[in-house]
Every structure is written in C-alpha cells, then in structure tokens.
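A single structure is presented below for examination.
Chain nomenclature is as follows: A, B, C, D, E, F, G, H, I and J, assigned in order of appearance, with residue numbering initiated at 1 for each chain independently.
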Amino acid sequence: MLYHVRMDVRVPHDVDPARFERLKAEEKARAEALQRAGTWRYLWRVAGQYANVSIFDVEDHDELHSILSTLPLFPFMAIEVTPLARHPSAIG
Amino acid sequence: MLYHVRMDVRVPHDVDPARFERLKAEEKARAEALQRAGTWRYLWRVAGQYANVSIFDVEDHDELHSILSTLPLFPFMAIEVTPLARHPSAIG
Amino acid sequence: MLYHVRMDVRVPHDVDPARFERLKAEEKARAEALQRAGTWRYLWRVAGQYANVSIFDVEDHDELHSILSTLPLFPFMAIEVTPLARHPSAIG
Amino acid sequence: MLYHVRMDVRVPHDVDPARFERLKAEEKARAEALQRAGTWRYLWRVAGQYANVSIFDVEDHDELHSILSTLPLFPFMAIEVTPLARHPSAIG
Amino acid sequence: MLYHVRMDVRVPHDVDPARFERLKAEEKARAEALQRAGTWRYLWRVAGQYANVSIFDVEDHDELHSILSTLPLFPFMAIEVTPLARHPSAIG
Amino acid sequence: MLYHVRMDVRVPHDVDPARFERLKAEEKARAEALQRAGTWRYLWRVAGQYANVSIFDVEDHDELHSILSTLPLFPFMAIEVTPLARHPSAIG
Amino acid sequence: MLYHVRMDVRVPHDVDPARFERLKAEEKARAEALQRAGTWRYLWRVAGQYANVSIFDVEDHDELHSILSTLPLFPFMAIEVTPLARHPSAIG
Amino acid sequence: MLYHVRMDVRVPHDVDPARFERLKAEEKARAEALQRAGTWRYLWRVAGQYANVSIFDVEDHDELHSILSTLPLFPFMAIEVTPLARHPSAIG
Amino acid sequence: MLYHVRMDVRVPHDVDPARFERLKAEEKARAEALQRAGTWRYLWRVAGQYANVSIFDVEDHDELHSILSTLPLFPFMAIEVTPLARHPSAIG
Amino acid sequence: MLYHVRMDVRVPHDVDPARFERLKAEEKARAEALQRAGTWRYLWRVAGQYANVSIFDVEDHDELHSILSTLPLFPFMAIEVTPLARHPSAIG
C-alpha cells in the first residue's frame, strides 16, 4: 500500500555537529537499505530545502509508523503522511 | 526534470453536470496519453479527496505550464508545483 | 486498518432543498449500513458544527476512498484522512 | 461525555534524556490506568508522528482538564479538545 | 457546564432579503428566550464584525449541539466551540 | 468597557522552575485582586490547555494594556484582545 | 479612544453594478462626513488592493461598532479591529 | 522604485466567457504597453497556476496603485505587494 | 511616502536582561528622534501585546529599510510593511 | 531556466556573533560571484525584513538545489522556490 510522505528536517543551531553528522550517516544507510528492500519506493529532494518527498510501499499503517519513527533523524523532522489510492485514470 | 504536482478539484455545485462529465472524460483521455508519453510519470489519488498527487517529467517550466494550463479541468483545480532535485541518498 | 476521518459539510445557500434532503436521507441510510457492516466503526457529531469525526476500519486506502467518494454528500464535504497506527500504550 | 483530544508531543532537542524517559514511562502508566478505568476510551497513534488521537469519556470539562493537565508529558504537548455530541445517524 | 462559542455570520450577497430578515427576527427571539432560560449566559457583539462571542451553560455536548444547530441562522454561521473549565485563580 | 482576552501561556522547558513558580503565585494573587476590583470580570480555563479566556471591564485601551502588560506571566503569554460591543439581542 | 481598522472589500462578480456604484457613492459621502467630524481620523488605501487602513477616534466599542456596521459597504467588507493604546515612546 | 507584485487570477465558473476574453485581451494590451514604458519591468508566469510574479518600477505608491487598480482583470485578482529595497550584496 | 509598519517584539526568555534593557533604552531614544524628525509619523501600542503599529513617512523603500533594519530591537522583531496610497475618499 | 526564490534569514539570539559575521561575509562573496556568473540574476532586499527576493537562472533543479543548499547562511534560512515560466504577455 502506498503512502506519500513529506519530511522537513529542522536542525537546531546549537546541536552537537558530530552527533548530527553521525545521525545523518545512519539515516542515509537506513534510507538506502529501505530502498533496496522496495519499501522506500521513491525519494526526492525538495529543491532549495532540507526536505524530501517520498513514496513508501508497506503492509499497513503500523509498518509505516514503525519505519518512520525509528529513522535516525525522526526527532528532528516534521513528517506529513498522505495515504494514496489508485487513481481511475492511472494506466499500467 | 521532475516536478511534484498536487491538484485539488473544486466542483461548483451549480455547474452544468453534462459539461462537467464531458470535461472529466477529456481529462482522463489526456492524463492517459500523457502517461503513455512518459510525461505524467505517476498519478495517485489522495484517499478521501477529489485530488491527486502526480510526478511530471518534462523538459522545463514552460513545458510543465503548457501541459497543466491546458488540462480540461484546469479552471476547476487548485494546483501546487514543487520542483524535485536528486536526493543524495536515492539509489539506482 | 483504522483511519480517522473528519468530514465538514458545506451547504450552498442556493442548493435545491428537496434535492439536498434526499441526499441527506441517502447519506443516513448509507452511514447506518456501513456501521452495521463494521466498516464505519465510530461516528460522532462535532458539537456546534455540521461536521463529524469518524473512525473507519477497512482493508486498504482503495476501499476507504471508494467508500468516501461515493457518499451521497461527498460533493458537499471537505474530508481529511489520518491513518491510525497502534499506540504502544494502548491496552486490550 | 465524550471528548476528542489530539496530543502532539514536542521534544526539545536539549532536554535531559533520562528525565524525558522517566516522564514517558510515567505517562504510559497513567495512560494504561486511565484506559482500564474507562476514562481514556480510545488511544491511537497518528502514523508517522509523535502524536495521538484519543477519545475521553468523563463527567465534565473540569474532570477532562484535571486529567490532561496532570499528564506527565503535558508540558511538552500541544493539545486540542473537541467536544463530541451524538450523531443522528449513529446506530447502537 | 460552560462553553465558549464564537459565531460568525456570513450573509450571501444574493440571499433573499425578506427571508433573511425573517430568520434574523427568529434568531433574536430565540436568543432572548435562551438568555431568559439561563442557557445562553452571555452574548456580546464582536466590535466591527457580524459576529458574537457567547457563553452557554448547558447539561452536556448534546444539549449544546441541539441548541446551536437549530438556531435560525445556523446555516449561515461559522461556529467555534471551546469547553471551559474552572480556573484555579477564579474567585467567588 | 468590555474586552475579550485570550491568554496562552508558553513555558520554556529550560526555565528556572523556582522562578516560574514564584511568577505563577504572583500572577494568581494579581488575578484575584483584579477580580475583586471588578476589573477582571470573568476568568475561565480553556479545557486541556495552559490558557484562559477572560473578560475585562476597564476604562479604556490604556488601562487594559497597563494591566495586561504588567501581569507577572506577561513575558510568557501570547495574548489576543477583542473589543466587545453590546449585542442587539442581549437582554437585561 | 483610538482603533486601528482594516477593511477589505470583496465585490461579488455577479453583483448588480448600478447598486454597487450607488453604495460606493454613499460610502464615500459617509467616509467624508466622519472624517470632517473627527471620528474617522485617518484613511489610507492599501497599495494594490481594494482595501483600506484606518484610524478611528470614538467614545467606545459601541460607537465604533455602530459606525462600522452601518457603512454602506459593510456587507461586502471583511473588517479587522485592533485597539490602540498610548505607546511609551510616542512624543507630543 | 521597485515593487514585487504577485497576482492570482480567480475566474468565477459562471462568468460570461465573451466578457472575460475581452478583459483578457485588454489586460494583455495594457501589460505590453506598461512593459514598453519601462513601468512593468518583469513579468513571469507562475508555473502551473493562473498567476504571475512581476516587478514594477514606478514613482511612488500612488502610481503603483493607480496602475494595478485599473488593470482590466483587477476585479478578478488577488494582489500582494512587497516593496523592494537595494540589497547590500547586489552588484552592478 | 507613507508606509504602515507593524512590529512585534519577541523577547527570548534567556536573553541577558541588562543587555535587553539597554537596547530598549536605545530604541526609545531612536524612536523619539525619528518622530521629532517627522519620519516616524505615528506610533501606537497594540493593546495587550508587546507590539506597535506605526506610520513612517520617508523618501523611498531604501530609506525605510535603512531605518527599520538599524533599530536597536530589529533582531528581536517581526516586521510587516504595507505601502499606503492616497485614498480617493480621504479629505484634507 | 528561471526560479523565483525567497529567503528569510532567522538569526538565533544566542548564536556566536563572530561566527555569524564570518558566515555573512562568505554569503556576500558567494552572492556576488553568482551574480557575476549570471546565475543569481536579481537580488532584492524585502524592505523592513532580513529577507530577500531573488531570481536564479540555472540549468535545472539539481543545480538550483546545489547552489542554495551550500549557501553559507543556508542553515539559518527559510527558503521558498517557485518555478517561473514564460508569460504570454511578456515582451522582448
């Protein structure tokens, strides 16, 4: 089942830089693994912002929440979830 | 180049139903043709709303505007465009 | 799977009253049938507003959209959908 | 009497982690006790967010406020309360 | 139990003036009766706007909704309800 | 002259607790004195929030501002003021 | 006592032009009379919009409301009122 | 002096098409004349929307308002004006 | 040329009080000097808020920006600028 | 291809002043270089705010994001991007 997810990262100016870099590296590794697993179907950068638009393909709401809430940068992100249904004009 | 586009259709309650059905049919035909051409890359329904989330792949802003502004339902839609860049953690 | 749905009904002041009453009666019948089927799990009125807060229990996004978009009052409603996951502190 | 309550938890990035974990444990214990007492009727996680949607069943506004304002995480939550009335199409 | 209610009246410019005046007269009669009954405790005009701020004293959410939703001008009003609890610093 | 005032208290998580408790006690004393003087006519708690809705009865804008801006918690409050006129349907 | 008032005029596209022109002429006459009386102290056009920013000097909220709510264009205006107090750094 | 102006055109669905086309032609002629005069310095289409972003170079606020408020489509536009100052890092 | 300016002061709770008092004194001196010079034409306090509404009379946008951006409290203020044109119904 | 970009700078009150001044100097140098290269086509200050409105001329979304996200002040800016298409009434 598909979910449209937008994530906006907010970096506090007084966060410890080393800690944040470590979290970013972990986030990247996780994002790549989830893409390889087919769960994180698409991942795009919003031009000009520290934000992304993503499409997730998961079993249900619980799996989605479990994935998002354990992302290393979750505490620094504002996340918006939109469930996507099949569009009657979509082909293929 | 990829653009994230959200379209919300607003149907005035006193619109002529026959006219609107004709526009919807034309919109569907156009959407399918643009998908087959690879321009309208993805098309999803926002669950519970007369709205869609789409990804367009076009040459530039002019082509995007030319496509969107000639959609049969354009006069009835609120459209929001977000340019998408490559994400550093995107694979493949 | 559970979805939190809020529906706000907007009645245009120049709608045909007989037509609207007929739609309301159909909406009521449909709401009751969906409740009996266990699909429309909870249905509450927002105090002071022509609006409701509902919990739906359906298979997936497609089923939810199919139900909501065919409600007789759908053309007159602003609908907001929130997917609900299991809460770690929920009991039973 | 039923109240719809949405709680969004905001964790300051520089809060003392041990203190916050202790508050979370206390919050969980309190939430479970209130559910067993039938006061906190439903508790759902908003998918993708550190937030919940809840239904409370209490005597009056004072009891509701007394419960919410003494939740261990109250100082870290944005809370929105919506009073729910019986819906004319609700069955059972 | 007290509820804070704000009502904003929206008069469509093409409403039938005679019908609207009749509704206004009925609304006034109802407001006065509810005040005499002690239900509509306070009624103030928001300076400069076709709007009021009111305090209602009713048994429960159902009674409040039943009163508000049958006000003659209900179809023309945007209504916002806020439940009020006792303030720890309130005297008397 | 009557003013509708809503005050939302925002407590920074890293404020000195002793200092804040002292301010709260001073605020309570001031609120009680102003109520006894008939200036702070009504004071209600917004259920579920660290906020109040109040009605002030003062000579003019200057007196109102002088009162509000010297409240001990003023630096921690978001305040919204709405001037109230007599409502044509208000009785008594 | 001074009030800051912003008025935004919304002209429905299907309003009767002759009726609207008549109302505009009446509004102009009233605005000029109120300025000569010293009540409507300042009147400025918001550049680029069918809107004004005004300062009124009246006895109290009731007088302000009585003036604003009887302006010929009142039914077509969104009005926002802000009470102004003396500023401690204002001279003269 | 430079002003940033954004104009969003709202076409009512029941406007007379011939009248609107005539206004659009007049608007186009006016826009071209103002560009040739150097007043309407830049004019860009917002991709995907019936809207533009423009830069005007005029003597003062009065000239700007006089131009904008006499545009043929003015009654159908939401206009936002932002005064632009010289940027300390701008070259040339 | 006239500009309507609203300034909202945001005082961080952990700012150094002595530093802030010094800035406030400087701000007051500057405001008084600019009023005496006829530049800061009007200065009013928004009742109940640490905010003001002002009218500036300056040569152009550059002078306005130069004044506002060097106010001692500028780093602590949210500022909104609205250019004012002559109103056709303004007298005198 | 043209992009309209608005940047709002938010300076935390407790940022290290020397570090911020260094970043500002670097930002200025970068802005000037990008203007000389023809990439940062226009750069204007929003009067009264620590913000700018800019027009960028770049190859594609990736180049735009690469430029914006490496601006020295990027971590302190809220950035909004609007793709601009050719306007049918633009001349020259």
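The rule is simple: contacts are C-beta pairs under 8 Å (C-beta built on N, C-alpha and C of every residue); 3 or more make two chains touch, one makes a residue touch a chain.
On a predicted model such as this, the values are computed, not experimentally measured, just so you know.
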item	value
Shortest contact path, subunit E to subunit G, counted in steps	1
Neighbouring chains common to subunit A and subunit D, by label	C
Longest centre-to-centre distance from subunit J, chain (CA-based)	E
From the options A-B, A-D or A-C, the pair that copies E-G, where over half of the contact pairs coincide	A-D
CA centroid of subunit C to CA centroid of subunit G, Å	43
Inter-chain centre distance, subunit H versus subunit I - centres from mean C-alpha coordinates, in Å	29
Separation of subunit A from subunit G, taking each centre as the mean of its C-alpha atoms, in whole Å	49
Touching two or more other chains - residues of subunit H	2-3, 14, 45, 47-48, 61, 64-65, 81-86
Touch-based graph of the chains, sorted into line, ring, star, complete or other	other
Inter-chain touch pairs (all)	A-B, A-C, A-D, A-J, B-C, B-H, B-J, C-D, C-E, D-E, D-F, E-F, E-G, F-G, F-I, G-H, G-I, H-I, H-J, I-J
Subunit J to subunit I touching residues, read off their complex	11, 13-14, 45, 47-50
Subunit F - residues contacting subunit I, complex	3, 5, 12, 14-15, 61-62, 64-65, 68-69, 75-76, 79-81
In the complex, subunit D residues that touch subunit E	1-3, 60-62, 64-66, 81-86
Complex contacts: residues of subunit C adjacent to subunit D	2, 4, 27-28, 31-32, 35-36, 42-48, 52-53, 55, 82-92
